[in-house]
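Chain naming follows the written order as A, B, C and D, and within any one chain the residues start at number 1.
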């Protein structure tokens, strides 16, 4: 595996001829060797999207000047929105969890095996179930139970903890509380949720009960960025499992758990690899 | 393959001990060799479902008396609803189609290769596109265009044609007209539709447009029995295809077509094999 | 969920008329309420297979006499092989593991959440990586490194530990040692392995390298009972993941891990639920 | 949909910095608007692959000079192999078929609905089964039965027919004859086959029988370019279907047919869209 440090540009702008040439010429002239480039044009919206990753070793622009240089030579001429990340900067993740532990276990097993390039310094829960687990993994655990009365105050505590730990990304690993619009606004497209249905079917509570009631032959899971409208944020990843008439609700939950944890972990990885661009409530995922 | 004639019993009743013993003893005492038996208990509803298939060769009850004998010795004592079919009786299918031909082509290719044990004497369409195709396949074709004004009358014509051809089962192979409640009542759980989404998501018109708009990562197809509530009938079969951000609506339609035709054909087969029981708007499919 | 104690019969015999009637009559006469019954006839081999589960509450035969009663009234007349298990007896599992931990983590998370009805008192490894993890989970851990010289002796130690802990089933959770025929003979169809390919493709070492070399578009995982022929035992469960040309060997391993752990856990569950019958090196899985 | 004429470049060369910049600058300077660009670097082999599609409307190089201009300005400096296709040139396909018609029906239904941008002027078969079907579709049909004695001569007749119809691509739609090395050499990576297993498992004859015998839980289909080594050519597309123990060989064949026809049609489409590059017996598929 190539362990050289790379820069990753995620960019979008109105489509016009010559965008790729301009970007790649900028990189080429400055001795940036491209290791991956993907682009997408939404022909209906006439909008351009791009992810390009290049090696920094011989890149002639110093890291802290890349943004400005790119702005001057490329971005400003194309009405472009862009973001540049560096592969040697570890994203910092916080996990929010309630009483279902399957996603948490799955994430921690990847964390401990080093599958992801990430730091997870913080777990917040409205229950105490996974305090010991968190501590064994060396992760700070905060028990913040939520009631209608204390919700606003607890969210302030949560925000303070997130700031203190310099968290980039929040993962709701089956966290059964609805976040306030104010909270969500602090982390736009940085809060990843897993919902246990193939959205837009069965939003809200108890989707497996609804699935059983409707008699569907497949159940799903959807990982999406949290927006203020419940279960309506941009979808990062979805998958399904087939079920039969002899699967009762407990079976749906059991089969669903395996699907949920895999779908959530795939979505987290896409996010951590800087592969996701959000546009008009849809995700472009450069996988 | 076993080509011996068999009888197929589909039955449901309130659950109680000894049902299978009673049914299998009835068959055993009358020298009916069981080739397949499947049962299901809905433990929440305490309801019992069964499909059993047995050879008629040495069965000591004559075919025309089986129903009465079963009633006397089994069914009447168990508050059972049941249906008995015979493997040498070919179901008679009518196809309703509009302008999309992929499901029609797929069905006809199976018909012509003898994959299904079925007769298809009739195709009805509100367009003329597939008249020649129908005639090449030796199937009577009727062009019955539908307007708001003539709908009721055309449905009467359709019903007359269906009766004339002694049709058991109607397949809506992407037929883009909504049937009236009166029409549907003539064929309870005998009209099979294919809807181009994973219901209950995206019911109604233009599901691929809605799927693209919502930014889902999977698209689906659902085959269900038609009931008077649109796209809400009991689901026989569903499946999905993965899509990417670079799939536009035309791509969704194209990938969707392959999924639709396979899902519909699987559902038709389950129906023709007498594998489907409907209970509380859900399908038990003994596959 | 129904928590009443049940008995589970797994049986196979040459096919003949009346088998199900005989079995269900035996249960019915003794007041055993059937909660699940599945049968299968291999028409090519003319062989019959069955799984039936019934409640013991009002069953008139005492548990320790069921086997003898069944032998006298049913089994002996049908040349039947059968096994009876009880739902309140917890199977006892031992895990064998090497350096890859993803299957181990997945199994332990299910164990700790109580997903399976099982006891796991013993983990054996030829490496020390997961000693702490085992101890945190309260499971006895033995580090038994294997060399060509000590293999026979270490297997004797393993067998002694398995006997001491009254182990029923051994799960090789990516255990990278080949067991001797002598060892395998102690646990016929009781050792479950996960192989990281869709067998029979890519048996043996480094299947992901072979898959990459061959340029396949799907990679698979296969869980099977271990027999003396390497990777050739009866298959319990298989599944696949799609890959693309831009997935390198590390990507294959990563995507494969998710598939492996799910496939292995499904196979373990089938086994623990007494759903698997082996016949002619094939598994009948009554799921 | 965008119906403007485009050019498609498929190219591969040893990796080095600046390739994309060079190609896109060539296009940009000559006013070629890129509508799609995908690249891939095989980091193990240090080899670069690319597919780029651009509009010809304002492109300043005349069509017949593009190849030479690209050679001079880009290709010759990079040790590149490349191919340029034009979207308004319809590929010409010949179908080879034997007695199984499901792939043929599926292809013809797409052909007649205009799903693909292709001409199919020729069907060759060693049986007469589909002569009428071919003629209804307006396609020339040649019945060329093959024996050990006449094979060489019949292949000469086939080659003459292919030349006469200016065929680019041959699709073996379940053609049950093995082509000679000499024949294959005339159409390198232009003959597409469908094999009814997930290769490399079950090559050669009767894969469904082998799959049943081995007791696999999935069956597959593989579409690949034909090379002189049987069933060992570069894989374009694969997919699988799950099966159960109660599926006999006839069921495997039936479920397999649906899989085969979809996999083959996906592969054909990739080929017709100029999305496939072959390198070291592996396909890069830019989908």
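Keep in mind that, in the parts below, a residue touches a chain if its C-beta (ideal position, glycine included) is under 8 Å from a C-beta of that chain, and two chains touch if they have at least 3 such contacts.
Owing to the predicted nature of the structure, the values given are computational and were not obtained by experimental measurement.
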With over half of the numbers shared counting as same, classify the subunit C/subunit D interface as same or different.
same
Centroid-based (C-alpha) most distant chain relative to subunit B:
A
Could you work out how far the Cα centre of subunit B sits from that of subunit D, in whole Å?
36
Chain centres from averaged Cα atoms put subunit C and subunit D apart, in whole Å, by 41
Of all the residues in subunit C, which ones touch at least 2 other chains?
43, 248
Which bits of subunit A are touching subunit C when the two form their complex?
1, 101-102, 105-106, 108-109, 112-113, 115, 136, 248, 250, 254, 258, 262, 265
Subunit A contacts subunit D in the complex at 2, 17-18, 20-22, 24-25, 27-29, 31-39, 41, 43, 242
Would you tell me which residues of subunit B are touching subunit A in their complex?
40, 43-44, 198-202, 214-218, 220, 234-240, 244-246, 248-249, 281-285, 287
